[in-house]
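One chain, chain A, links the two complexes that follow: it is found with chain B in the first and with chain C in the second.
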Partner chain A sequence: MKVQYKPKRNLLETIFQVEILQGMALTLRKLFSPPITRQYPLEKPPMYPGFRGQHALVRDAVTNDSKCIGCMRCATVCPSRCIHIQYHDDENGKRYVDEYSIEALRCVFCAYCVEVCPVGAITMTEVFEYSDYDRDAIYFNKGALLENWDKFIEGTGYDESYVNPFWRPRGVNASTLPAAQRKSVPADWTIEGQFVGTKVRQEQETEDMAPMEESNV
Partner chain B sequence: MQILIIILQIAVLLAIVLLHVAYVTYFERKIIGHMQVRMGPMLVGWHGLLQPIADGIKSFFKEDIIPEQADKPLFMAAPVICLVTMLASLAVLPFAKGWALADINIGLLFIFAMSSLASYGVILAGWASNSKYTFLGGLRSMAQVISYEIPMGMSLIGVMMLAGSLNLTEIVEAQGTSLFSIYLFPQIIGFFVFFVAMLAETNRVPFDLPEAETELVSGYITEYSGMRYAMFFMAEYIGMMVMASIGTVCFLGGWNGPFAIPFFPPFWFILKVYGFLFLFIWIRATLPRYRYDQLMALGWKLLIPLSLLNVVLTGLFKILAN
Partner chain C sequence: MGLKLNRGQILMTETTTLDVPVSQGDEDKYLLKLGPQHPATHGVLRVDIELDGETIIDCDPQVGYLHRGFEKLAEHRTYAQNIVLTDRLDYIAAMANNVGYCEAVEKLLAIDVPDRAKYLRVMVCEMSRLTGHLLWLATHALDIGAMTVFLYAFRERETLLELFAELCGSRLTTTYTRLGGVRQDVTHELMRKLEKFVDEFPACIEEYETLIDTNRIWLKRTIGVGTISGEKAVDLCLTGASLRGSGVDYDVRKHMPYAAYDKLDFEIPLGETGDTYARYRCRMEEMRQSNFILRQCIEQLPPGPIVGDDAPDLVMPAKPGRKVEVDTPARKALIKLIDDRDVYMEGDVYVATEVPKGELGFYFISDGMGRPYRMHIRSPSFIHIGALATMGKGVMVADLIAIIGTLDVVLGECDR
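Presenting the complex of A and B:
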C-alpha cells in the first residue's frame, strides 16, 4: 500500500501556496474567536463533586471534636502510609484518639481513607491552593485537619452532607477492595501495633552503632 | 544650532522607535495569544498594557552573566553591533516628505549594508559565546544571510530600475500619489521575493533557524542575559520595522495614501508599516520552521531565479513602454 502523505497540488495551487494561505485564514479566524483559557488566580475553575483536595477531619457539632473513632481502617488502607493515628483505650474499653495526622506531601490523593471511614470522619475538601514554603505547614495534625474543615465550611457554605456522598452506606468494607489495598502492614511500619509513615528502626533506637554494622554484615 | 536640532530629532525618533519596539512585543504576544485561542498578557496593567515596561525593567536589572570561556570583548560588542546597525538604518528612512534624518542618495544600499552588518553581530555573538548552540546559531545565520541577501538585493533592482534612483524619497515620489500606481502591482514577483527574503533577513518565523528554540535552546542568544539579551531583541524588532519600512517605501508607495491627512503626513506610512508588522506576527502564529535544506533550496533554487526573472521582465517592459 502506498501512503500518500502530501496531497497532490496543481500548478496554480503550488504557485499561490494554497496550504499556507489556508493556514493563515484559520489563524485569522481564530484571532476573533473568544479565548477558551481561564484567568486562573482571578477566576477559579469550577469544582465537580468528588474533587479530592485538601484533607480535613469533620468537626462534630455535639462534641466539638473530630468524629474519628480510631478504628484504623484509613491507616490500614492508605497506600502511601501517610496517616498516623495515636489512640489509647480507657479501662471501660472506650477508645480516645489522641493524635491524627496526615503527611499531605506523601499522600497520593486516592481518597480510599474517605471511602472506608465508617463514620464519615475524614474527607477531602475542594481546597487545592494550600502550597507553602514550609513542609511543616503541609503536615496536618489533628488540630490542623479540624481547622481545614472549619475553613472549608466557612468558605463554601457546605454542611456535613458534603462528606462522601458516593458510597452509601458509609465505610466500604475493606475486604471488598482489591487485594493490593488489603496487604497487611509489615512489622517494621508499626510501633506498638499502630501504623506509622516511615519504617521504624527500632534496633537503631535501642542499640548503638557498632552492633548495627555487625548485624548488617 | 543645526547639530542641536538634528540631535533633538534623533532623540525623538529613538524614543518613538523604542516605544514601538516595546509595544510590538506586546502586540505580538497578544495577537499570537488570541490566534491560539488564549489571552496573552493580562495581569500587568489593564489587559497587560504595562507588560513591555515591566519586561524592560526586569531585563535591565537582571544579572549580566558572561560565560567564563567566552571571548569577552566580542561577547560584549556583539549585541551593540546588532543594535547600532539597526538603529543606524533608521536614519535614512523617509517617514514623510522631508521627514528623513539623512536623505542620502544611496539610501537603499545603506540599509542593505546595515542589515548585513547586523548579521555580523549575530555571527560574532554565536562565535564569542563559546557554546555549541550559539555557534550553530551563528553558522546558520551566516548561511542564511549569504543566501537571502542576494535575492533581496535582486528583488529591489526592479524597483530601482523603475524609479531610476537609490534615494528612498525619490523612490516614493516616483510611484506617484494615486493608490494604484504603487510598485506592488508591476513588481509583484519582486514583492514576493522581497517579502520572503525580508522574513529570512530578520530571522523571523518561518526562517528563525538562527535562534530555533526547539533545536538550539535559543540559538545565538543562548548565553546572553539581562540587558544584552534585551538588546538583541530590540535589534530584532527594529530590524522588523526597518524591513517593513523598506517594503512600504519600495512597494507600497511610502507616505502616499488615498487621501492626505492634515498635520500628520507620515500617517499612511505608519499604517502600512503596522500592516507589515501584523503580517510578520500573523505568519509567526501560523507557520512552522523551515528545515535547513529547505531554507537553502528555497533561497537558491527559487528566490534567486525568480528575482533574476523579475529583473529581466522589468527591463523588457521598460523598453517596450518607451
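Presenting the complex of A and C:
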C-alpha cells in the first residue's frame, strides 16, 4: 500500500494561508473543550486492582502475624534479588519465619513474588507515595511490611477477602493453583466469565440458537 | 590583547584545557559536540559534528551513556527473570519487547502458546506501537517547532498507558508476557475502554494531520530532508518505518508472522521518496493500521486459557514441572533432557519481531542450563544511529535534529 499525500496547495490557499487557519481553528475549538489535565497532588490518579505499588505482608486475622511459610519461592524468583528471609525449623520439622525483609530500593516491581507465593502472603498494594529522605525507611522488614498492609486496608476500604490479581491471575485455570489461592473472585476473572471477541460471541450465539429453532419447528 | 581568534578557536581561552581538535590548515572547520544533554537528541546521544559554517561535513554519533549491560546480566538470570530486563530496553513501548523476548524463548524451549494469549499479545503489541508512534510524533514535531501536536499526542498516549496500568498494574515497566502466554487476562471494563479508544482514535489522527500535514513550515522542514534511497537503506540495515519510507516492502509482521498476525488483516504503508516527510506519512498510516488491528482483536478474541499447559513455572529451572505431550522430535528431545539432567534444550535461536522502531531480534545460545549462555539483542535504534553518520553528512545542523527525530531512536534500546 502506497501512502497517500494530500494534494499540493494552490495559489489561493497559499495566499490566504488556509492550512494555518485550519490549524488555528482546531486549537481555538480546543480552548472551549473541558481540560484533561489532572491536578495531581490534589487529585489522585485512578487505581485498579493489581497495581504494582508498595509491598506488604498480609496480616492473618487468626494469628495476627504474617501468612508466610518460608518456602523461599519469592526469594528464588526475584530478578533483583532483594528479598531476604531468615527461618528456623524446630525438631518436628515445622518452619518458623524469623525475619522477612525487602529492599524496596532495589526492587523492579515485577510482582513475580506475588505470583509465585503459594499461600498469598505477600502482595503489592496500591500505595505509591512513600518516598523518604532516609534509605532505611524504605528497607522494609517484617514489621514494616505488616504495617504497610494495615495502612493499605485502612486507606482503601478493602476487607479481609481482598484478592490480588497476581495471586490468582485472571484467565488462569483455577485447578492449577494451590488451594490457598483458589479464592472466590469476580466473574470476569474466571475462564467462564472472560471477555470474548464480539464476532466470536455472535457466532457462538447463532450456533446456540440454531438447535433451539430446530427443536421449535 | 592582540590575540586573533579564528572561528573554531573561539572556545579556547587561556584557562581552559579543552582541546578543540581543528583540522590543520583549515581554519573554517569547527568541531561541535551536540549532546549528550541536548534535549533534541532524545536522551543521552552525543553527536560529534564537524562544521563548515552551518553545514555538517562530518557526523560521528557516540553512544554508550545509558549502557547497563543487559546482555551480560541476562547470563546470570533465568529466562523468566530476564523478561523484566526487556521492559527497560525500549522503555516507551515495553510490551513489544516483552512479546519479542517471549517469542524467542518459546521457540528455543518449544513451548506452545494458546490462541487467546496470541491475540492478547498482538493487542498489547499494537497498543504499544501506538504509544511509541505517538511519542515519536510528539517529540519529532516538538524538535521541528510544532508545540501543539505534542500536547494532543500525549493526551491519547495517556489513555493507552492507563489501559496498561489497568491490565497489568504498571504503566511503563509492564512485564506483561510470560513464557507460554501472558500474565493477566483482560476484563470487560478494559475492553469497553479500549473499544471507545479505538472508535475515537481515527479522529485524533485527523487532528494531528490538520495541524501539521499541510503546514508550510512542516513541509519545508521535512520534504527533501534526510533523503535515503531504498538500496542505501537496505545497505545500512534500516528497518521499520525508516526503511519503508524509502519504498522497501519489509515488515516482520507480514513476512515472518508471529503470534496471531497471520490471522489478521492489515496493510504495510510504503513511502516513495525516502525523505523525512515520507517516513512521517508512513508512521501516520501505521497508526491507522494499528487501530484497525486493535478493532479486529476486539472482534476476534477467542475464549480459552491465557497460559499454555506446558508453560514452565516462573521459578525455573528449579522446578520445570511440565506436562509435555510427545509428538514432535523437538519435544522428544526436550523431555529427554528434562528427564535426564533437569535442564533445557541446547542450541541457538534468532527470532525477530516488529517493534515500533523496526526489527527487534533476540539471539540466544543455550548450553542446556536454565539460563541463556549468551543473549544478543539486535536493537533497531542502535543500527539507526549507525545510519546517522551517513545521513547526517552535508546537511544543516537544524536538519540533523530532524533526521535524529525521523529515525526514531530510543537510547535505552541502543545502549541497552
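Just so we're on the same page, the second predicted complex is superposed on the first by the 155 of 217 C-alpha atoms of A that agree within 3 Å, B and C clash if a C-alpha of one lies under 4 Å from a C-alpha of the other, contacts with A are read in each partner's own complex, and residues count from 1 in each chain.
Note that a contact is a pair of C-beta atoms (placed from the backbone, for glycine too) under 8 Å apart; a residue touches a chain by one contact, two chains touch by 3 or more.
In this text, all values refer to a predicted model and were calculated from it rather than measured experimentally.
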Next item on the list: Figure out whether A:Y48 sits in contact with chain B (first) or chain C (second), or with both, or with neither.
Entry: second
Note to self: Taking the superposition on A as described, I'd like to know which of chain B and chain C A:G23 touches: first, second, both or neither.
What the structure shows: both
Checklist line | chain B or chain C, by number of chain A residues touched | finding: C
Checklist line | Touching partner for A:A75 - first (chain B), second (chain C), both, neither | finding: neither
Notebook entry, point to check: Which partner does A:I85 contact after superposing on A: first (chain B), second (chain C), both, neither?
Noted result: neither
Next item on the list: Based on the superposed arrangement, let me know which partner A:A56 touches: chain B (first), chain C (second), both, or neither?
Entry: neither
Check: A:R9 contacts which: chain B (first), chain C (second), both, neither?
Finding: second
Check: Is A:C107 touching the first partner chain B, the second partner chain C, both, or neither of them?
Finding: neither
Next item on the list: Applying the touch criterion given at the start, work out whether A:I36 contacts chain B, chain C, both or neither, answering first, second, both or neither.
Entry: both
Note to self: Based on the A-chain superposition described above, do chain B and chain C contact any of the same residues on chain A, and if so which?
What the structure shows: 20, 23, 26-27, 36
Margin query: Quick check: in the complex, which residue numbers of chain B touch chain A?
Written below: 31, 33-39, 42, 282-283, 285-287
Check: Can you list the residues on chain A that touch chain B in the complex?
Finding: 20, 23-24, 26-28, 30-33, 35-37, 39
Item checked: Of chain A, residues touching chain C in the complex -> 1-6, 9, 14, 17, 19-20, 22-23, 26-27, 36, 45-46, 48, 50-52, 73, 76-77, 79-80, 108-112, 115-116, 124, 165-166, 169-173, 188-189, 191, 194-200
Item checked: chain C residues within the chain A interface of the complex -> 77, 80-85, 116, 119, 148, 155, 158, 162, 165-166, 168-170, 173, 175, 183-191, 207, 210-216, 267-272, 278, 281-282, 285, 297-307, 313-315, 318
